[in-house]
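Written out below as structure tokens is the structure these notes cover.
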Amino acid sequence: MDVTTLLIGKARNVIDYFADPVFNWGRRNSIWMLHLGIKCCALEWGPFIARFDAERFGIGPRASPRHCDLMIVAGPITHKFAPKFKMLYEQMPEPKWVIAMGDCAISGGPFFDSYNIIRGVDKLVPVDVYVPGCPPRPETMLDGMFKLQELIKKRKGGYYTCGP
Amino acid sequence: MNLYGVVLWLLTAIINSIAIPIIAWLGNLLWFIRPVTDFAIALLKNDAFLNFVVVFAEAFIILIYIALFIIILLWFERKMWGRFQDRRGPMHVGYAGLLQIFADMMKIFGKEDIIPKKADKLLFTLCPIIVTATAFLALVALPMSDGFVIARLDGGLLFVFAAFSLAPLGVFIGGWGANNKYTLQGALRGAAQMISYEVPLLFSVLGVVMLAGSFNIMDIVHRQTIWYALLQPIGLFVFFTAATAEIERPPFDIPEAESELVAGWQTEYAGMKYGICWVAEWIRMYVGAALVVLLFFGGWNGPWLPQEIWFQIKLWIILIFMIWVRQSFPRPRIDQLLNLGWKRLLPLSIVNIVLTIGIVASGWLG
Amino acid sequence: MSAEEVAGEMKKKFPEADVRIPRASRLTASVKKEVLLDVCSFLKDAGFDHLSSIAGVDRAENFEVAYFLWSYEKKILVTLKTAVQKENPRIQSVIKIWEGANWHEREAYDMFGIVFEGHPDLRRLLMPEDFVGHPLRKDFKLPEVE
Amino acid sequence: MAEMWINMGPQHPATHGLWDLRIKVDGDMILDADPQIGYIHRGIEKLGENRNYTQFIPLADRTGYASPMTWAILYVLTVEELMDIKVPPRATYIRTIAFELQRMASHLLFVYGMAENVGAMWPPLVYAYRERELLLDLFQILTGARFHFNYPRIGGVKWDIPQTFEAQTKKALDVIESKLKEYERMFDESEIFLMRTKGVAVLRKEDAIRMGVTGPTLRACGVKEDLRKSEPYMCYSDFDFGIPTGKNGDLYDRWVVRIAEIRESAKIVRQALDRIPGGAVATKVPAAVVKSVTVLDGETGYEDLCVIMAKVPKVIKPPPGEAYVRVEDSRGESAMYIISDGTERPYRIKIRSPIFCTLSALKYMMRGARVADVPPIMEGIDILLSEVDR
């Protein structure tokens, strides 16, 4: 390893040391989720936003995948939807997270042996938090969000992964 | 009485009693920089240069003020939305969610900046710049008090409108450049909306201009012994409606209508570009609300309190009203919106002009 | 007009049809697929405006297509059944009689591979275009789950 | 501007569930619409053939997620007709109450969707959810779940209504009825809402009947047709309630009809609560073969469990035959067609979804509409893709 790369690496470490807490604080307190209502679980977003007021924690829905940080997969992914689902995931800018909400997204749930269901969304995109339930109650969903916040808090060197 | 005097006094005090002695002391200490310090002291005692410093300081203060204003406005608007919707709004980031907007900002700073492969890169990048720059440009001629104005233009009102109405151009090229059907639809709607609401917007102001006899915003404010809102109720209504449409705020946010066009012309913007567009919307909201206050509600005129405080009080009342309107109405369709613009607001503003001509010509107002 | 009267008229007009009344205001009829369109237009003229549903069934020896018809005036539900052979299943489309049959027939085509002749737009409805097989046939087995 | 196709979906803020509405537009005018469905096709009908009769109840819940109770009740009604089971009157009443509460919850969801899709009317959107929560709380008392209740059983219901249920229901109904007035003030007095809905997406009576449109959408066209009246199932013939109809068949009429239906449902629930008879909530399912019930020796409480969990044996084998049962769902006529071959699994389950048929009538509603009208039109028929795709 030559000296320049070593120095750059060191400099990055130093910057990360100071930048990480700031950026991660911002990221975990401002989670915008993609408005992708697949099935039943999407109906629990309403109480999640209205009654349990997710905006208290800076969580809110956005329509365009380009504006979002979080994709909540609220239902089973079918073979017909899978390519478009992947495209949606790719359209989201880094850093991005995925929550598999409900049994259908985690493993196929009650439709596990169907001919048209992909058993588990983690076969298509990387999943950060699994929120079980059929459907999960909004409280469970909030808990899942807190788990995600903890995950973001531990994120290292996040500043460089998002650059061009 | 205004805070501008205080600021000016502070500035002169800093220059005269801190900056000049320090520079002189430095010159005494280090003989070899003596020519430079002499020149600096001469500059600081020169009125023309001092004027430049003052304008620069003013611009800087207004920039800081606008940044703070947007942060507080965003927080306030979110809190108000929460209250309207029977919930609480941001709560847990900072005290009562005050730091929520900082969190959003930090997140957006750190986001990946995506430019779609088939987009026109130049136009795509130009759009947020134009939208934001024109919004800032309008601030140049927008006074806050007798003193706090960067440029005292005779045609200040026209300048503000000119800057104000450039933004849809940015929207249009951005929407076209993103190479997406939703953005294109949004951009076309934006263009249509701009063309049809520019006219009533300017016409509704003509009544005010005639009453005041000037295009200079300072003069208009000074001549408002009675609020023009009382003399020009039609003008106020038309202006408020058209301004809401111009700044693309709900219920007239048709170019970015969320439920039908995803996010309209902003659909493809990610990261900082989206953040800039977002900020521009709120600056434009400030400009719109400030114009309403300046033209119709006597600007900073008011007893006892400093001018800037009066201006802020009136401004926030207008802003609260705008937020209220946003929460109360559904979104009209584009054709209905254009109909409203051409067939209702334009005739109304013309009627307003005719009435005002009558009033002015009859000399009732002296 | 009660279910019995409709049954009587059907019997008169289509002697080959097997018409039964399992319970009040229900009528079940099995017809040959050649006369299906005639029976359908007869029923439509008799006031059966509402095509509730079209169901394909994979019987052991042949496919069965069941039409459920409801009359708003008479309050009678008619189940009209017709058999289609398994090899190259083809049947006349009823879309000219009840336009609402459009998607039902597309679904039956998708799920059973029954071709409806005269359907203007017979594409797969629910499954992706490149899907092989017809899921609701009995010989289509569900994937093995590990 | 040249004509172009726009894909509204599969991910689009205006869709409930996933689908792809391809519209051909000329500027802002819609020339043609081509809905693509099947993005959440789970193959429930095929899965039903691989489950036994009791196991299908949860799947029936998941057929239409905005009104799971009605689907589950529809399923057990069909199996009961197949097996010719008489359900105790108390169970029927409980089912009716649950059915109507479900209709109210579903229509409140419609209010939410209307507010969202007519254009970002956030407060009513959140209010509708707030009121829906009252009903979900009731369901929670009744069944233990917010939705996907798994509550009806073949031959009855899972358990009796709890003691506090009646008082709480009446309280909730009072609140909802008072809030309905608020909605009417918020929507019907809003000039822009009237502009957006009156005369939009007009569906003529003949077109509606020809395309098999049912439910509130049909009633908004002026057809006084409701299965609860014209072919009373459960115990609807005992109650006094009206069928609200519209005149023009436009979006506004659909809105009015649905709001009126919430009131009628409340009326039915009140009557049912007042008249509910005593007795058992589940009957013994006859002629069933209990094949393999695992009873652990000495396990206490099993008997109690058997009493609580309605007296349904683990395996049910209806006699060979078929049944086609229709109910008036909150979206229209939903029906199930079950063929039994005498084994423990259904031979074929066909689900008739009301929205499936209403959706195919879309091209008549889209005629002459604009792009901005698409979300309200979608919401006007109270679209639910989970039901359509099954």
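To keep things simple, chains are lettered A, B, C and D as they appear, and every chain counts its residues starting from 1.
Please note the rule applied: a contact is a pair of C-beta atoms (placed from the backbone, for glycine too) under 8 Å apart; a residue touches a chain by one contact, two chains touch by 3 or more.
These numbers come from a predicted model, not from an experiment.
The chain with its Cα centre farthest from the Cα centre of chain B is C. Averaging Cα coordinates per chain places chain B and chain D 49 Å apart.
Distance between chain B and chain C, defined via averaged C-alpha coordinates, is recorded as 65 Å. Each chain gets one centre point, the mean of its Cα atoms, and the points for chain A and chain D are 31 Å apart. Centre-to-centre spacing of chain C and chain D amounts to 25 Å, using the average Cα coordinate of each chain.
Among the residues of chain A, those in touch with two or more other chains are 50-51, 63, 80, 113-116. For chain D, the set of residues touching two or more other chains reads 12-13, 38, 41, 43, 46-47, 50, 125-126, 130. The multi-chain contact residues of chain C, meaning those touching 2 or more other chains, are 127-128, 135, 140, 142.
A complete list of chain pairs in contact reads A-B, A-C, A-D, B-D, C-D. Listing the residues of chain B that touch chain A in their complex gives 78, 82, 85, 87-93, 97, 99-100, 102-107, 109-114, 258, 262-263, 266-271, 274.
Those residues of chain A whose C-beta lies close enough to touch chain D in the complex are 34-40, 42-44, 46-47, 49-51, 63, 65, 75-76, 78, 80-81, 84, 88, 110-111, 113-117, 134-135, 137. Considering their complex, residues 79-80, 112-116, 119 of chain A touch chain C.
Chain B meets chain D in the complex at residues 81, 84-87, 181-182, 185, 188-189, 250-251, 253-254, 257-262, 327-336.
By the touch rule above, chain D contacts chain B in their complex via residues 1, 4, 6, 12-14, 25, 27-28, 115-123, 125-127, 130, 190, 192-193, 195-196, 370-375.
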